[in-house]
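The structures come next, written out as structure tokens.
Next come two complexes, and both contain chain A; in the first it sits with chain B, in the second with chain C.
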Partner chain A sequence: MSESAAFASLIAALTSRLFYGLTLEAADAANAGWLAALLGLALSLPPVWLICRLRPPVRQALAAPLLIAMALDAACAVECAAYSESNLAFNHVAPAFLMLPLLAAILRCTWLGGDALGGAARIWIRLFAALMLIVMLYQLPYYNPGWLRPWLGAGGGGILRAGVRAAGWNVLLAGGAAGICKREIGFKRLLRALLVSTAVAAGLVALRQMMAPAFTSEPVTRFTRIDTLLTNGRAPLFLQLPMIVAWFGGMLHLMCFESVAACALTRRLLPKVRSGVCVAIGLLAVFAPALLNVPRADVTQRLSPYLYHALTATALTLWIVKGGGAPCAASS
Partner chain B sequence: MKQAGVETAQGVLSDDLDGNIAYFRDLLHADVNSDAHFRPFMAGETRLYVIYIEGMASDQKISDFILRACAADISPEKTPVTPESLMERVVEIAQCDTEDRVKQILDAVVSGMTAVLVEGASAALILETRGYPARPVDRTTNESVVLGAQEGFVESLRTNMTLLRRYLPSPHLVTEALTVGTAVPCRLSLVYLSGVADPALVDRLRARIKRVDVPTVMGSGALEQLIEDKPSALLPQILQTERPDRVAACLADGQVALLADNSPCALVMPVSVFHLLHAPDDAFARWQYGSFLRLIRVAGMLLSVFLPGLYIAMTDYHMHLIPMSLLVSISEARVNVPFPILVEILIMEFAFYLINEAGTRMPRQIGGALGIVGALILGQAAVAASIISPILIIIVAITGLGSYATPDYSFSIALVIYRLFVILAGALLGLYGICIAGFCITASVCGMRSLGVPYTEPVAPPRPHNPDLLLRLPTRMQRRPMPYAVQPNWMETHRDEA
Partner chain C sequence: MRRIIITLLLLIIPALSGCAVTGEVENQAYALVMGVDQTSAGGIDLTIRIPRIGHGDSGGEGAVGKGEPYLVLTASGDDYAQAMEHLQWAAARELNLSHLNLLIVSESLASGQDFPALIREIADTRHLYANAGFVVCEGRAGDFIEGQETLLGSHLSSDISAMFRHYAAHGFIPGATFADLYYATLSCYSDPTGIWGFPDSGEQAAAAIIDTDEAALNVQTKTASSRQYLGTALFRDGVCVGRLDGAETLCLNLLTRQVAAFGFEADGRAWALSSTLPPRVRARRDGEKMIIDVTVSLTGDDPGDPTAAEAAVERSITRVVERCKALRVEPFGFAAKAAAHFATLDDWLSYDWRARFPEADVRVKVHIAAAE
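Let's turn to the complex of A and B:
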């Protein structure tokens, strides 16, 4: 995958991951999800910088934890997309069957290669902006800035917890992007992608929170949150059309990016194995947990706060033990 | 020298005129072939033979500039007569050359040139006497425009090259003669602007043509399939156009064109998907009109791919997205229709394209009757018989119009196939399916290449380009380097100076 394709793909995937994570998985922040996104960005910068500074042979040691996390996260995204479709129109169909078309799309995309995914991401970013513009213009009279208050939501602790999760997704996907590229991807480029994704995701989370008041009574099921997300608060129902397209389009980019990254990381882990076999292993790592229903929502929700700690600790350990100090790749 | 057939024609001429003539008679099956002519005549004391194919070569040119010239100019004292002396002193035809290889002589003769074999000479004189009937330059039939040039390519390669030269009268315009086909070669002309077209692209195309290993190639359509990047892809990766002005514009942008004999279309490459959205007269209209029409066209194309799928998805799975009054109206219209919506749409799509295809093949005189039949069947009768609902006629009509708004014929057929894919995805999985289908289509398009160049360039991957992709901004703003051209090039320099 070229650097520019990885850059576009990372923005499309990370924006979706942050939005979907902060609205469905990290409810701790309540109506301050957008602040959690910003905090996540701040927390993720040091480990991402560390990963960029690791010498390539040393960075290879990071491939294994990244691969496991990436495959589970991709499977989790597959599950989420299938469940949201089930919630939307196919509640009579087993989610496993709804996953099959997604897995077919992932397979097709992986077959086409990273550059095709990057190109599609570039086009998707433009389409997404147009869709969101339509939605925002229609929803303008319905936005209630008062629902963003209190600014700190349920409190600093909630924001911190959500922020740590957001930072985990940032590190995971940025690390994946570093693993996908044929050439070294520079920290500056990753930083730009993180900044753009966080800004867009924080904006979308804030807009969404201005459409419906935050849930304060616990526990709120994930399905209730999906339902609220897709029924679009109080705006006209026909706006669900662009929102549904935006939702599934973003999720597809996330899943495909993570799957391509899983294949690339497998290749890094097993450099002597043929690339076709590596792709098969990488896809199996995504498909098997998705179809076997391993990444259950509650499990991933419980594990996701530790993603940031685990990846940062691994990068730091490698830095200390194996030594880093490689100059950052040239950034454009 | 006893084996017959062009494919066995090898070796060089001998100085035995009778032996040579016998060999050519054998190769051209002259005993049964009434078109092949071997005309003996004398120039002074030397025996000569003129070999030509009747109809392909002009009898008048042969009589006036070869036979009569030889009879007038050759006198016994001016001997010896050789192909070289004929060329230098006697023959009054501008294009002539000597050739001693049998295969080359034979190829020239069957393509309408005349060979003059001279007694005692082991080379022949090849003369340009082509005079076969050809269609004159006429208006384009498939790429009609409101503004701009109206003339189109014809089947004659020579005429087509002349047309191009007229649009680009530059010494940098190169027309390389090539052939393709191992048994019956087809003449090609590889056209590009030297110093503007990237030499790597030209070399790549030349190599692809050289790699073609088929006995014969029937025109540019067949050639396109043999040299494109990905034969399994649905979208065309090479632009086929019958407009010399369009080819000239592409050449000025650094693209490469291929003209084939007997084809009224040029093949232009590399192209991006955006080229297929552009109509030839976009550049002739003021930028506001051009941009507006392009937006209408793109909207039409998107509707033609996604509208029927969206209709199925929304009426089958997402009824809550349809405003209540429209939903009631749809339900009322469908109340007597016995088929599911998918079947209804497939029937209509099939009927629409059946009429379309029949209309294309039908003699013009009864084309009007087809319109009446189509309108009656699709319109009144089908609705009255409750086979389809009236709203579906609107959907299919909009879809068809969107399809016809597509400027490129191959592209419009690809869109129809994509539409069927989207219809099935929408029928099976609703909006979810349409999103997946849309994603797969986009990724496929982004994964394609044309002559090795990404198909979605300059958007993905991003390259500096003129504001002339979806919208066409004012001409004075179009000063960016051309994405396919070699940088820097003399066109850029001249534009900057201007």
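Let's turn to the complex of A and C:
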């Protein structure tokens, strides 16, 4: 995958990951989710910089933890997309059957290769902007900025918990982008992608919080969260179409990016194995947990706070033990 | 070979996603209006109106000829879930609530202590369109729905939307939807409202409108529909605790949003007023007490001195605020402004806005500018 294709794909995928994560998985920050996205950016910069500064042979050691996390996260995205399909229209269809078209799309995307994904991401970013513009313009009278108050939402602890999760997704996807590229991808480029994705995701999270207030009188179920997100109770019915297109388009990019990254990381991990076999292993790593229902919502919610700590600790350990210091290609 | 595989994959996708005969329009029972009542045994009655497929002028396949364009179905159960199950059976097709226009609840049910739990159950109904208008009606919701007619042969869904848009623009009803009720019940901001509906009994509409001395809306009406919507049902903690009449609803609407046009009588003169801007609301904290400054800017058609009219509108609005304070209900949207003075949701919840609102100092200022 070329550097520019990885850059576009990373923006499309990371924006979706942060939005879906902060609204559905890590709602700890309540109505301050947008602050958690900004905190996530700040927390993720040191480990991403560290990963970029690792010498390529040393960085190879990061491929295994990145592959495991990437495959599981892709499976999570597949499960979430299938759950949203079920919620919207196909509640009478078994989840595995809802996953099959998504997995077919991933298969097709991997077949076409990373550059095709990057090209699609460039088109998607423009289309997504147009869709969101339509949605925002029509929803303008319905936004209630008062629901962003009190500004710190669930408080420092909640923002920190959600921020750490966001930082974990940032490090994972940025690390995946670094692993996907044929050439070295520079820290500055990754930083730009992180900044753009975080800004867009924080804005979307804030807009979503202006459409539905934080629920305080009882614990909110996943069904309620996804229901209020996708049907967006206070918006006109016709806006559901652009919103659902934006949601599934974003999720599809996330799934495809993470699956392609999983294949690329497998290849890095097993350089002597034929590329076709590596792709098969990478896809199996995504498909198997998805179809076996490993990434259940409760499991991922428990594990996702540790993603940031695990990846940062690994990068730091490699830096200390094996040494870094090689400047990134683009940043030098 | 590659093209064949791709084509096969694309062809398989629709089949895998579960698109089947059950998704066809003919197999759906689209409920446009749903009513919820409590039975005498404590159970739930659900009543829906669904359009009859094939009714009308085409006369094609599936047409059922002339007659009532809508079916009214009712089902009962020990609770909401069971009543919904029975309704699924009664509908004889896949009951689809994604195009719901109106959710009507009887006053007795909305005033019960179990209503908040029912709100959650209704909200959790699969594919329910939560932006449907929310009405609290006098008497049974089922009877209310059965008596609802459409005007000039228009569709029920567009008829309801047009009517509510018109009423809301003129301040006769609050812009209440079920989503607003649900969100406000579960969150920590202002209290929700419902649209007050009642069967037309000739005098009641006028009586509701001219409840206050200042109101100049004392029109005697004869309407085409036997179902009327005028006024506001007030909720506290998800339970209906009172209602505002037409004139009071107008004041409520002046504090919450723009009102396109309304008449007002002050000092023997009739004013045609409109609000060109949303009201400006500022909240200040003075120790434990909250001070709310509200400025309502209106435009009037009379170039004369507006002082008397301004004072009259201010008095009317203040009276409605006091009435709501007495009921310990805050439907004005002040909470979102007051919450800015707290750092976190926990701090805000500890302050307990709903309990403290009656002590808040609400200062209303009305400006009337002459139209250009």
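Just so it is clear, the second predicted complex is superposed on the first by the 327 of 332 C-alpha atoms of A that agree within 3 Å, B and C clash if a C-alpha of one lies under 4 Å from a C-alpha of the other, contacts with A are read in each partner's own complex, and residues count from 1 in each chain.
As a convention for this text, a residue touches a chain if its C-beta (ideal position, glycine included) is under 8 Å from a C-beta of that chain, and two chains touch if they have at least 3 such contacts.
What you see is a predicted model; the values in this text were computed from it and never measured.
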{"item": "Partner chain(s) touched by A:Phe248 [first = chain B, second = chain C, both, neither]", "value": "first"}
{"item": "Chain B versus chain C as contact partner of A:Arg108, first or second or both or neither", "value": "both"}
{"item": "Touching partner for A:Phe90 - first (chain B), second (chain C), both, neither", "value": "both"}
{"item": "First (chain B), second (chain C), both or neither touched by A:Leu152", "value": "second"}
{"item": "Which superposed partner A:Ser2 touches (first chain B, second chain C, both, neither)", "value": "first"}
{"item": "Partner chain(s) touched by A:Leu100 [first = chain B, second = chain C, both, neither]", "value": "second"}
{"item": "First (chain B), second (chain C), both or neither touched by A:Leu237", "value": "both"}
{"item": "Contacts of A:Pro56 with chain B and chain C, given as first, second, both or neither", "value": "neither"}
{"item": "Common interface residues of chain A - those touching chain B in one complex and chain C in the other", "value": "85, 88-90, 98, 101, 104, 108, 237"}
{"item": "Contact set on chain A toward chain C in their complex", "value": "30-31, 85, 87-93, 97-98, 100-101, 104, 107-108, 144-147, 149-155, 212-218, 223-224, 227, 231, 233-237"}
{"item": "Residues of chain C defined as touching chain A within the complex", "value": "6, 9, 12-13, 16-18, 22-23, 98-99, 120, 123-124, 126-127, 129-131, 177-180, 182-189, 333, 335-337, 339-340, 342-349"}
{"item": "Interfacial residue positions of chain A with respect to chain B in the complex", "value": "2, 4-5, 8, 85, 88-90, 98, 101-102, 104-105, 108-109, 112-113, 115-124, 237-238, 240-241, 244-245, 248-249, 252-253, 256"}
{"item": "Contact set on chain B toward chain A in their complex", "value": "314, 317-318, 320-323, 429-433, 435-436, 438-440, 442-447, 454, 456, 459-462"}
